[in-house]
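Here is the structure we will look at, set down as structure tokens.
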Amino acid sequence: MGLHVQYYGMLAEVTGQAEENWLEDGRLTVGDFRRLVTDKYPELLGKKFKIAVNRRISEDSSPIDPQSEIALLPPFAGG
Amino acid sequence: MEKEHKPRKVFVEGPISPDFIAKSIASHQSKTNIGAHAIFLGQIRADEKEGGVVSGIEYTAYEEMANDVFHEIREAAFARFELTCLHIYHSLGLVPTGEISLFVFVSSPHRRAAFEASEFIVEEIKNNAPIFGKELVGEGGDFRWKENR
Amino acid sequence: MEKEHKPRKVFVEGPISPDFIAKSIASHQSKTNIGAHAIFLGQIRADEKEGGVVSGIEYTAYEEMANDVFHEIREAAFARFELTCLHIYHSLGLVPTGEISLFVFVSSPHRRAAFEASEFIVEEIKNNAPIFGKELVGEGGDFRWKENR
Amino acid sequence: MGLHVQYYGMLAEVTGQAEENWLEDGRLTVGDFRRLVTDKYPELLGKKFKIAVNRRISEDSSPIDPQSEIALLPPFAGG
């Protein structure tokens, strides 16, 4: 399963990159992905962020389809 | 209203000028069923932070998702309120202190719908649009990530 | 806030132009404690009446009393809401359909105060300012006196 | 007692004038004045109007000081 993962705002600073391709076998939920990404980038643990799957904010219980676009979104600041 | 409103361009590069706002207002004077316009403008404050005064905000966005969100906000506003027109503009990139980064322009036959829609739309944008802001602080290149409350 | 705000000129002859609104916005960009502007514009509708379509409204006022009322509204708004600036402009004389007769411009550090004050001020003006409007209907010189609801 | 009386909007059409000086002996309340002015201009009876004394909307029970400025105000239409 390939995911395209994007990091926005301060999260791109924390991970050192704006996006990456993420190879993953098996199906993940959003919660599974959250654990994997915080394992990979432990500095994320102290940060508030939401996870969007295919441009929609998703709950930890939601499954992630293969080839999805995942985005880690820090607090919004529009306006 | 059941009709779908087509997505419109929201993001503009840099600050939104008073002249752009004037042109938007003028272009609505031919719509003679409008009785009330409510306009909201977000302007960058020179807040004092540790390390100095905010000199501007550098905006970025998850643009594809933000455009979806703006489209949903438009649809929700047209469904809820009796509106003639609705335009939203938001800056990307650097907006210096004192300049405008958000322009929400709501027009209706009647004032109540205009007021209520304006407030609804601004709150929706603040809460749901994936837009990120880096406040530039002081002279030394310091910054601080902004967070809406 | 306890300080008295000095009375300001509210009435302008004829319609309020988009360019005038742009200049008002631009003149507030140096006030860097402002984070939110709420603008309300009243525009003349081409309502259909018995005898034809409204082509404009001719405004008159009991000016001395209206100026007192506007001053009281300003004082009340500054006392109730956290405002940086507040400007009210209203037309006298003929304002053709599609043009703007009321411009309420509220500025605050924060959006909630701007929204609430804008609505408060517009309602106060509609209810309490002694301004009268003759709707000009059709081509034949007919008219009808307007009444706020 | 001299009063300066003004008629605004449609009321100026009804009375045929924008203002007049009103000579009156004795002290009036706003209610007394309302009766006198509708006696003088019976067409006013069908019209809604408020009475301002010295630029303030006044109740029928309020007394009118001599030399006051009285204004008859039809429904407001600002905005």
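By letter and in written order, the chains are A, B, C and D; residue numbering begins at 1 in each of them.
One rule holds in what follows: a contact is a pair of C-beta atoms (placed from the backbone, for glycine too) under 8 Å apart; a residue touches a chain by one contact, two chains touch by 3 or more.
Because the structure is a prediction, the values reported are computed rather than measured.
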Listed by label, which chains are in contact with chain C and with chain D?
none
Where the CA atoms of chain A average out and where those of chain C average out, how many Å apart are those spots?
49
Between chain A and chain B, centroid-to-centroid distance (C-alpha), Å
27
Can you work out the whole-Å distance between the CA centroids of chain B and chain C?
23
Could you pull out the residues of chain D that touch at least 2 other chains?
79
Per-residue multi-chain contacts in chain B, two or more chains
42, 111, 122
What are all the touching pairs of chains?
A-B, B-C, C-D
The answer for chain A against chain B in the complex is residues 6, 8-10, 52, 55-56, 71, 73-79
Which of the residues in chain B come into contact with chain C in the complex?
18-19, 21-23, 25-26, 28-46, 97-100, 107, 109, 111, 114-115, 118-119, 122
With touch defined as at the start, can you tell me which chain B residues reach chain A in the complex?
42, 57, 59-62, 64-66, 68, 90, 101-102, 122, 125-134, 145-148
